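The two complexes that follow have chain A in common; it is paired with chain B in the first and with chain C in the second.
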Partner chain A sequence: MGWVSKVEIISLGTLISALTWSSILSLMAIGITLLYRTTKVPNFAHASFVTTGVYSATIVSLMGFHPYLGMFLGFILGGLEGLVLFYAILEPLRRRRSSIFILMIATLSYDILLYGLLNVLADDLQTTYKILARMIYYSRLDFSIGGVPGVAVISLLALITTVILLYILLNRTTLGVALRACMENTALAQTLGINVSLMLLFSWFIAGGIAGVAGALLPFYTMCGPYIGMLYIAEMFCASILGGLDQIYGAPLGGFLIGFAKVALISVLASFVGPWITEYAPIIPLAAMAVALVLVPKGLVAIKIRRG
Partner chain B sequence: MQLPLNEIALFMTDFLALFGVYLIVTISLNIQRGLAGIPQFGLMFAIAGGAYITGNMATRIAVWILGIKTDLDPVIDCTAVLSMVNPMLNTQPMTSFILILIYLAIGATFGAVLGLIQVAPAIRLREDYLAITLLAFAEIINVIATAYKPLLGGAFGVQVPSVYGWAGGYRYGVATLAILVIAAISYLYAEYLERTPLGRTLKAIRENEVAAASLGKSLVKYRAIAIVIGSALCGMAGTLWTLYGEYVTPTYTRFYWTFLPWLMVLLGGIGSNRGALLGTAIFVALDKLIIYYKHSFEAFLPFDVVWLDYILLGIITAIILIYRPQGLLPERPYIPKDIRKRIEEKIKQF
Partner chain C sequence: MLKVESLNSGYGKLHVLYDVSVDCDKEEIVAVVGPNGAGKTTLLNSIFGIADIYSGSVKIDGEEITKLPAHVIARKGIAYVLQMINIFSELSVEENLRISASYAKIPDIDKKLREIFEIFPILSERRKQRAGTLSGGERQMLAISIGLIRDPKILLLDEPTAGLMPLYVDLIIKKINEIRKERGISVVLVEQNVKKALEIADRAYVLVSGQIIFRGSPSDLASEKEIMRLYLGMGE
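Presenting the complex of A and B:
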């Protein structure tokens, strides 16, 4: 059969690339889902949180460390950006009982603000350190284990660690239980003496931090610039919606489905119809999201729960 | 001291043209969000669609109408084809006028179709899902426009016929006038729409979906109508802007064609057309002044002034949202004359 041999054209390299992208995308999507669960708002500023991670890696590498250590700086900076967004903009709006729609615009405007700041930072790095701050790519600094690029291992490890830590935090600590109470029923949590706004603040820090970690891994996978978050924001939401906006652990599921569809499926398609189709790869996540919204608007995780 | 009249005239034309295009867009947003309550975060989709389809079809149609025989591709070899088309158009104002109307019709139709495609997956869903879907779909148009070479010739874009060329030195003036006429028509149409049963139904759905549905108003149908009207206007705005610049590249961005119109409407007051007019005027004037005085800023800023624009606009939006969410000229409840009379009579009776 001709097509069987053609399917084998997906090399191990493509699969590893798909795995890497899926892990990074899942990390980005987890934050979006977490924030949607706690604050009930789709956070469009996630794009800039991710880009902040990219520049954290750049700053760390300029300071003479390995850019992978940018993950830690990315976590802190991304988390702080999340804190500021919630505390300075969303909390005043929430106190006025603004609609979800107003909150969405607020995150969008914060994204624009951060995008401007990140561009200023990129310009500044370019003139001060004479680096190409709009074309950040660290693939050559990456290590490799038996031919597998390090970023594949590190991003998968980062994802697994994040999911485990999040699980422990949410299920084994008092703080996490309080946070979950806020997700389930804000009013009831408040009557039980939980400081809801502090809990939400905490969730914004965590989500921003995870986005920063994902961003710090991104320059090992692809060429990055200040636009990179905006480029992938649609895909992050696709992964998040496909997994189910109401299920935190749905985000990795959506991330892997979309990541593999985009990277692996497109390479199979390319071997059939020609390499021109790879330019249309960004359409695949949207198509997946459109189908998911029509068939299972609550996300894939919801199906399992309903049947189980 | 003599005033630089030419410079002022040029500045005004430029300002009014951009103002007119943005006014069409903000009116469209006002119909979609202000009347129907659709969180249209993907305005760019229909605007870019109108612009790109004009880039793709304009020369083709002009060649066909003028009866030019050529084997050249009107998109890939646009310069060569236009060197035949433009001299003919320059002597035929009537043909140019008909062409403009055809282009507008195409832009509006294509915009409307794109709007429907964009909203289709989420049309039944809640506000937040709808917003994400609209935003996400808008992002693909540039992917397609850059990847599919026959549409716009790739990333470098395509030239369109100079339909205002017959006006000679006044071509930009005439182009601006055309934009302003369409903008005025859109404005009046939006004011009219608000007073029709359709407008009232849209408002009812915006205020309370469940109550409207219980009165037999289909959420899906009316959302689709609002999106079609709004996207058709956006498509026309894209067409007009392309014809004004006589050139189009696949570089319509979310910041300029979704975020800025949102900001204008927010500043003016969502749902109020006078507000949209005021907000548009303020922001376009600001934008033009910043570009005009850009060089004097550059002296003491270590980065590109464009980014300052982003930072300031981000902060301004947050301030508006927190301190004046209803906008400068908030929406006023519209009570038809006969009903107002009846109410007054009732009051007198008591």
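Presenting the complex of A and C:
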């Protein structure tokens, strides 16, 4: 069998899987980029915001609804976690003019705290409801359209909807333009009477919320537990950095490049060298980011299209 | 109108201003001049709640605004045009103006926009353009307009002619004077270009090492040869 036919055989299911993962990863990365733009902080607690989304789907499912509806609860709970992190921890530190390094460590500490709470929640769900709350997987509850799993469609739709809503928010509303103003220059925004703290708080709610939505989709794609956010946090940052930390809309670009590189490329490699290579899949996003950043240091959105 | 009394301020442990008192009456242009690092920008930052105030007071129309957050002071009828990054370069010219007007609760923003475009017609031509693509002079016009569209009682201007070519320097100075006369706005003008500032100022303050060493009319300042030579780089 030639290399061309090998690639063709694996490409159908793999492409759908890559599309799904890329969409979910893009949703996760958008929040990281948004927060970096507004607060200039790499947010490690994003890992737990995502995991909160996973357990939102679980809770909704236990209440008798379809776990896809967990996206709504995930948005609210992830958003609230973002609010608490900013208001209770980051804002007081910012007022004391703490360095970005301190703020970053604070997000990491908050993530560890949330990780502990999510473990408690998982144990409690396991004991109370007799479910495998550390191995949540909803593939069997998913629907399919012509053989395409529902999560591929829903995650892509969620991503497109999020990008459109963010575009409308940031460009068509006073609140959004004020948020963009804060992203660019907080001192100048203050002189216009914009309450910068309130704007940043809002951005943390939105970013946490989007992470929660992504998390609620994850159990349809892969098996999840309290650890799942931490497992993918490096990949989220890869997608965000690769897309360009200065551009919110770069995150989906980064997400798709990293997602396809990881899922499709590892599948192609496995067909050539054997399935053992899949163990090394997590290396691919990091390698893809390293190579791409050597070529485009400011991220994919910095690429100018040449005309003529 | 604006009254700054015995102000001690700075940034954290960095004490910059020492017992500074400055006032600005209605429709008056007050120039604050002095060498680099004298604390001129810190004075404006202190009035606007950006710097840390250790003691002293800032009042506008008798109302104490000392230590209020900047976004609250912005709603008290003061507009502050920063020295360096004073426009949102990623927003369009019109977005810059609209966002400023909407946070100042201006009832008819379209009418206000037309007024601004009458003062600076070039901004009308550039209204859909990203502000970051404007020339230095156009940026400064936009920065002043961002303050002006808020219908302020007092305009704080931090070196509005810095880095501009002479043609734009003359234009900006002329416009500041017109704005004061036609709109009855008080202006606190911090300037490195002493000659130009004194041309339109009603009164002047000289700030050196965080302290006021002169207050009086521009003509009185011009006669202070020692101050002009040592601190303002003018005269023999």
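Methods note: the second predicted complex is superposed on the first by the 298 of 308 C-alpha atoms of A that agree within 3 Å, B and C clash if a C-alpha of one lies under 4 Å from a C-alpha of the other, contacts with A are read in each partner's own complex, and residues count from 1 in each chain.
Assume a residue touches a chain if its C-beta (ideal position, glycine included) is under 8 Å from a C-beta of that chain, and two chains touch if they have at least 3 such contacts.
Note that this is a predicted model, so its numbers are computed, not measured.
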| item | value |
| --- | --- |
| Contacts of A:192 with chain B and chain C, given as first, second, both or neither | second |
| A:105 touches, of chain B and chain C: first, second, both or neither? | first |
| Partner chain in contact with A:286 - chain B first, chain C second, else both or neither | first |
| Touching partner for A:234 - first (chain B), second (chain C), both, neither | first |
| Partner chain(s) touched by A:294 [first = chain B, second = chain C, both, neither] | first |
| Contacts of A:177 with chain B and chain C, given as first, second, both or neither | second |
| Which partner, chain B or chain C, touches more chain A residues | B |
| Of chain A, residues touching chain B in the complex | 36, 40-42, 44, 88-89, 92-93, 96, 98, 100-102, 104-106, 108-117, 119-120, 123-124, 127, 230, 233-234, 237-238, 241, 245, 276, 279-280, 282-283, 286, 289-291, 293-294, 297 |
| In the complex, chain A residues that touch chain C | 97, 174, 177-178, 180-181, 183-185, 187-188, 190-196 |
| Chain A contact footprint on chain B (complex, rising order) | 39, 41, 120-122, 125, 127-129, 131-133, 135-137, 139-140, 143-144, 146-147, 254-255, 259, 262-263, 266, 302-304, 306-311, 313-315, 317-318, 321-322, 325 |
| Touching residues on chain C, where the partner in the complex is chain A | 12, 48, 50, 69-72, 74-75, 79-82, 85-91, 95, 98-100, 102-104, 146, 150 |
